[in-house]
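Heads up, the thing below is written out as structure tokens.
Think of it as A, B, C and D in the order they're written, each chain with its own count starting at 1.
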Amino acid sequence: MCAQPVPNTTEIRWQKVLYERQPFPDNYVDQRFLEELRKNIHARKYQYWAVVFESSVVIQQLCSVCVFGVIWWYMDEGLLAPHWLLGTGLALSLTGYVLFDLLDGGEGRRKSGRTRWADLKSALVFITFTYGFSPVLKTLTESVSTDTIYAMSVFMLLGHLIFFDYGANAAIVSSTLSLNMAIFASVCLASRLPRTLHAFIMVTFAIQIFALWPMLQKKLKACTPRCYVGVTLLFAFSALGGLLSISAVGATLFALLLVSISCLCPFYLIRLQLFKENIHGPWDEAEIKEDLSRFLS
Amino acid sequence: MAYRGGGGRRHGPSAAFHPVSPGRLFTCRTPTHNICMVSDFFYPNMGGVESHIYQLSQCLIERGHKVIIVTHAYGNRKGIRYLTKGLKVYYLPLKVMYNQSTATTLFHSLPLLRYIFVRERVTIIHSHSSFSAMAHDALFHAKTMGLRTVFTDHSLFGFADVSSVLTNKLLTVSLCDTNHIICVSYTSKENTVLRAALNPEIVSVIPNAVDPTDFTPDPFRRHDSITIVIVSRLVYRKGTDLLSGIIPELCQKYQDLNFIIGGEGPKRIILEEVRERYQLHDSSKIRVRLLGALEHKDVRNVLVQGHIFLNTSLTEAFCMAIVEAASCGLQVVSTRVGGIPEVLPENLIILCEPSVKSLCEGLEKAISQLKSGVLPAPEKIHNIVKTFYTWRNVAERTEKVYNRVAGETVLPMDKRLERLMSHCGPVTGCIFALLAVFNFLFLTFLRWMTPDSLIDVAIDATGPKGAWINQYPYSRKRGRNKTR
Amino acid sequence: MEDELSFSDIYGGRLALQRRYYSPSCREFCLSCPRLSLRSLTAVTCSVWLAAYGLFTLCENSMILSAAIFITLIGLLGYLHFVKIDQETLLIIDSLGIQMTSSYASGKESTTFIEMGKVKDVIINEAIYMQKVIYYLCILLNDPMEPNGISQVVPVFPSAKPRLDCLIEVYRSCQEILAPGKATSTSP
Amino acid sequence: MVLKAFFPTCCASADSGLLVGRWVPEQNSAVVLAVVHFPFIPIQVKELLAQVQQASGVGVAVLGTWCHRRQEPEESLGHFLEGLGAIFSHEPWLQLCRERGSKFWSCKATHRQVPTSPSAPGEDQVMLIFYDQRKVLLSQLHPPTALPDHQAGDATASTRGLAAVFDTVARSEALFRSDRFDEGLVRLSHWQSEGVEASILVELAKQASGPVCLLMAYLLSLISAASTCRVFKLWPLSFICSKLSTCEQLRHRLEQLTFIFSTQKAENASQLMRKANTLVSVLLDVALGLTLLSWLHGKDRIGQLADALVPVADPSSASSVVVYWAYCGQTGLCGQEPSQAECPWLLRVAQLRGRRKESLGAGKEWVAEELQHLLQWLMGAPAGLKMNRALDQVLGRFFLYHIHLWISYIHLMSPFIERILWHMGLSACLGLTVALSISDIIALLTFHIYCFYVYGARLYCLKICGLSSLWRLFRGKKWNVLRQRVDSCSYDLDQLFIGTLLFTILVFLLPTTALYYLVFTLLRLLVVTVQGLIHLLVDLINSLPLYALGLRLCRPYRLSAGVKFQVLEHEAGRPLRLLMQINPLPYNRVVHTYRLPSCGCHPKHSWGSLCRKLFFGELIYPWRQRGDKQD
């Protein structure tokens, strides 16, 4: 029975078992209490530059949103001829398409087993649908007030940035959702443009910059990291330039944002690692290491 | 409809496991308490917590205490029922939010609970299971009313993800001024102390128990082919995925190996797929049998059909299943998680790492032992295990806790607020201190609305002046009035 | 013989219990709660009329006042006739039956008579009522299908909810009549 | 156990004699039915009882003696009564005795052979229960007990408790037949010993009812034969008949009449009651209908009604609409240059016309014109809502065109409408309910609203479904049909693009359609509500059990929910005296028990599901005919 603590507890060692009655009270606290407590088992060490390199994906996405905004502003002001944008867009996407295959010698395509005919078909689908719907898009939101549209598209672009797949496996990441939000925003903005052609071209451009460009980026990052960094810098500076041509203040703010994301945040991440403290012990729910799907396939 | 005591009839056999004789003898020795067990989980719901509450209450009644149970209404089972030996159960009409746990607003349950505490002259509130919102509500109200509180934690929690962080915070708040906490194993004690940032002195370890008379080995067991039994809910936490890996491995290795799997759950489909894929249920001999959900009384009959019991849980505070299996004389193979290593001595259990490989090795070891016949006889195992865990022992140790708590003082309001604010962090502490103040005001309002003098003092069915006499249920009231 | 005791209901209001023993085989328990007090009546009426007058000052429409008067009158009548129960009577006649009468403030009476053949027993039961847990006296009717089943539970004194002490008084003297009655009625 | 003696109040003043009644052993109670007066010859009494017994199947016997002391008690009578016990042996032997002056009676029951009950030496406790024989005889217990079959044995077995008493009294009418004017050899006193209660009218009606029933039944069979001939079975006719509520009413009325005049007798009380109820309700219905008829065919109310019912059908508005529509047509539906220009113009025309009409002073309501105004309003920016103008124009013109069609239809119909109404009015002589089923006419006259509603609902439903599925695509999910749940799914780029494009478009077009849908749904609901109210009224008239209610009102004891007892004041040592009264059935239970089946059109779904249907744009027909309720 668990009676009152008998004096000779020194020689009778307390042992962590339930099945035998020990001469200790039920609330006895041994010095071996919490001895299996472990801390920061899975804590990872980060390299500063590696983190900076990883953060470039975020930079890219921010810049593409910024570029999209700038282009839309130019077209809304009428400073940018739609044909010119169409031409450059087509040229760029063609080069990107060629690059896309050249980079990995086309074995990515072989893996996915996607034919060029399929690419052509989807391209045709894009063009035809956008062109067919552009009059509708034009008159779609004319009775909705402009501020509503702006608010909606800003919200959607933010959502695009939030849900974008930056390579981290979190619950909220959903590339589909982010792409759809971007397209929604582009449609909203396009419906504000003066002419039907403008709307058409704006939407195509949105496709290029939100759907195709990230795919190319991924491949670049995988194959040639060095030139990927170069491309990122180039892209960032072009975005900054475009923004500068619209408003200096916006440009400075944007530059600050980029710098803080690419340099400060990694720094803090590494600093805060020191204060990390998460507890492990026998009570943790054991996770299953090996994959069990092999038994079911 | 109290006299309908359906529960009493259903669980009667499992309760009447020893003669009623010693009941009154203890009462002279120790002071008796009026104990109110509060939890969302009780019969007709089935599980470890439920049976724990039921058996513990029965033993406490036998030791001359007055015990009542408060839980929420299950379906049309509302109101007040009497179970075996006059165990009185209040099924309160509260809304159930998420798997059998009531929604908590921290206030809506106060009027009823206060009424019950007053009319039953409760002195000690004993809440069970940290998953039950009602239990935490009861603790909160009891402290406001200045009653002594005990809490039993039946489960383990991690510290990793957001949800567990939040629940740990709530647990901290609700336990920071609770008089005493009971855990079912040392691991669970460590866990609780860490989660709720408690002083380990006020945390007692009292294991669960099994009723050895319910789990006796089958004297004539067939030895033609080896059978492995698994009895658990088929969910992720119980490691059903591991099971789906183990079954094909072993079935391909040993041709005379069968599996019996009792239990229901979302992961059942995986096992069925495995069975399909490896043709383990051909018409000639079914090698993997899925029995589906089991009644508590059928468990023994399933267990004694096998030779080896396999437990693949990923986390357990105190695994009752392996004790039951061992008590039925089976060789137990289990994962080394949570409090399981503390439960059985090494010669009765084979502990493995939670992976398919290690578990297979453990099982093969068990099989080889079985074939070579070095395993002790089931009756021998039963006789060993029988001495480990009994409800009477649990009741005695719980009674000690009650006695100790009865000696302590409940924090007055100001002290309580201070403790909340000092102990639970600035934000949460303040919020809950405010809530406590509101709760107190609400209580004073209720006292003004219906003063305690207006509340009829209930007639004890159990306890020192218990009026319960085992007649047929209808004439209960008359019997009661004769005794007064 | 007749005597009168005073008890209180679960809200603390006063109740008067009159017991009439007509004969060893016939008893009557009459539980009467206080009548509608003039104070509360005037209070309600005045409040309604004040509200009506406030409305009237807002929008000059004399319809409101007349409407208020009508509403109070109709409400009072309805209350007296359908809601306010002044007296509840329980009449037990051995080997004949149990009769429950509840008389409203307007004098309307509603009676239900339960034959002794249907009555299984009279017990005190507990129930969760609103935010309270109360005791109440109830009559168990046995259902013709199976011998010791209960088809229905009829509560006694449903409107005036007396406290336990009062119930026990009534319960005891009910059992004095019922207990032998049950013995013989169950014999054939 | 106490011995209960049920004693009829009418015998309380009878002279001394023998108590005749039935002894119910299982609850040891004696039901006294009558008192036999002196002088009598025991043999004859026994004969009489034997006759009654084999006539009624009730075990009637002599239960004891009854002595009513008017003058000072004489022992001789007492002894004589004692002696009678020897002649008519009965267990136990009752001795009721009423002194002059005092209200308290003495009663004792003695057992002959004492050893049977050693505990009570011959005597045991007696309780006197007075009952009004007439009421008990006429009243009918609810819920009815097992129907009394005429073998005494299992009749007593079937009826238990107080039902046995009622049963006894009800079945021993043979005893009550003899009153004191027929020179029977035995003088009884009971509730109609002062003369049999009967009325000439009732007897005459009973005599007359037979042939009338025969005749009517013959006629009705002819009618029904005619109605079932093959012509009505042809597809369109049968379909229309199933839909028109007038036909429903006629069919129902036919059923009612056939039921009333069915020649076979009603075997049990409930069916009799039902017949009576049906008869009364039909009579009342016809009476109401006739009053309506007389009122209608008074000074040209038909015409006014017709004018009130016909929506505007005068050339001016129609022509204006035609002009307007033509204009819309030739401006073309290509969507630009919307009709901002001509809206004010048309409004002005409308106002002018409205004023002219008011000057003409026919208080008509201009359904079609109001609809046009509504559409104009919708085609503008209604309530400052952000609607897509192009779609708005298209929908608006579409509906305007419909109104035009509608008006021309009214043109065709307008000459006949008055005559139709007149004939409908004639149909009122078949009863108010038939006349009230003008909901058909309402349905006909508001056909265009129904059409609008259907178009709007279909469009809206389409939009909602599209949006819901596209929203799933937008979130990168898809509906798994096999598992009945939403799975995540990876789409191709072009699928995503097109899906999102359509999603955007639908989202921005939703308010327009939703508004149209809303407006026309409201109109539809209005119409439906009116129809529903009419249906309810008809249902009420058809199904209210008037006869039963009347009985409950005038003869409360006829329908009894049970009995209630009242303790008469009593003094110690004397037997307890109770007064048994009939507890009348409450009104709600009367209605509940005797509701007549009616061709009720019952609300198909609850409010929640109705709102749900409305939200998802499914069509609603809240009033369903009896026919499809059965299958």
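Structural remarks
Heads up, the rule we're going with is that contacts are C-beta pairs under 8 Å (C-beta built on N, C-alpha and C of every residue); 3 or more make two chains touch, one makes a residue touch a chain.
Quantities reported herein were computed from a predicted structural model and do not represent experimental measurements.
In this assembly, the C-alpha centroid of chain B lies 56 Å from the C-alpha centroid of chain D.
A separation of 71 Å divides the Cα centre of chain A from that of chain C. Averaged Cα coordinates give chain C a centre that lies 32 Å from the centre of chain D.
Each chain gets a centre from the mean of its Cα atoms; for chain B and chain C, those two points are 44 Å apart.
Counting only residues that touch two or more partner chains, chain A has none.
Viewed as a network of touching protein chains, the structure reduces to one closed ring of chains, two contacts apiece. This structure has the following touching chain pairs: A-B, A-D, B-C, C-D.
Residue ranges on chain C touching chain B, taken from their complex, read 8, 10-12, 120-121, 123-128, 131-135, 140, 148, 153, 163-164, 168, 171-172, 175. Of all residues in chain C, only 22-26, 28, 91, 93-97, 99, 101, 110-113, 115, 117-118, 181, 184, 188 touch chain D in the complex they form. Of all residues in chain D, those touching chain C in their complex are 1-2, 4, 26-28, 125, 127, 129, 160-162, 562-565, 567, 570, 576, 578, 583, 586.
For chain D in complex with chain A, the residues that touch the partner chain are 335, 381, 386-390, 473-476, 490-494, 496-501, 503-505, 508-509. On the side of chain A, the complex with chain B involves touching residues 1-2, 16-21, 25-27, 29, 33-34, 36-37, 278-290, 292, 295-296.
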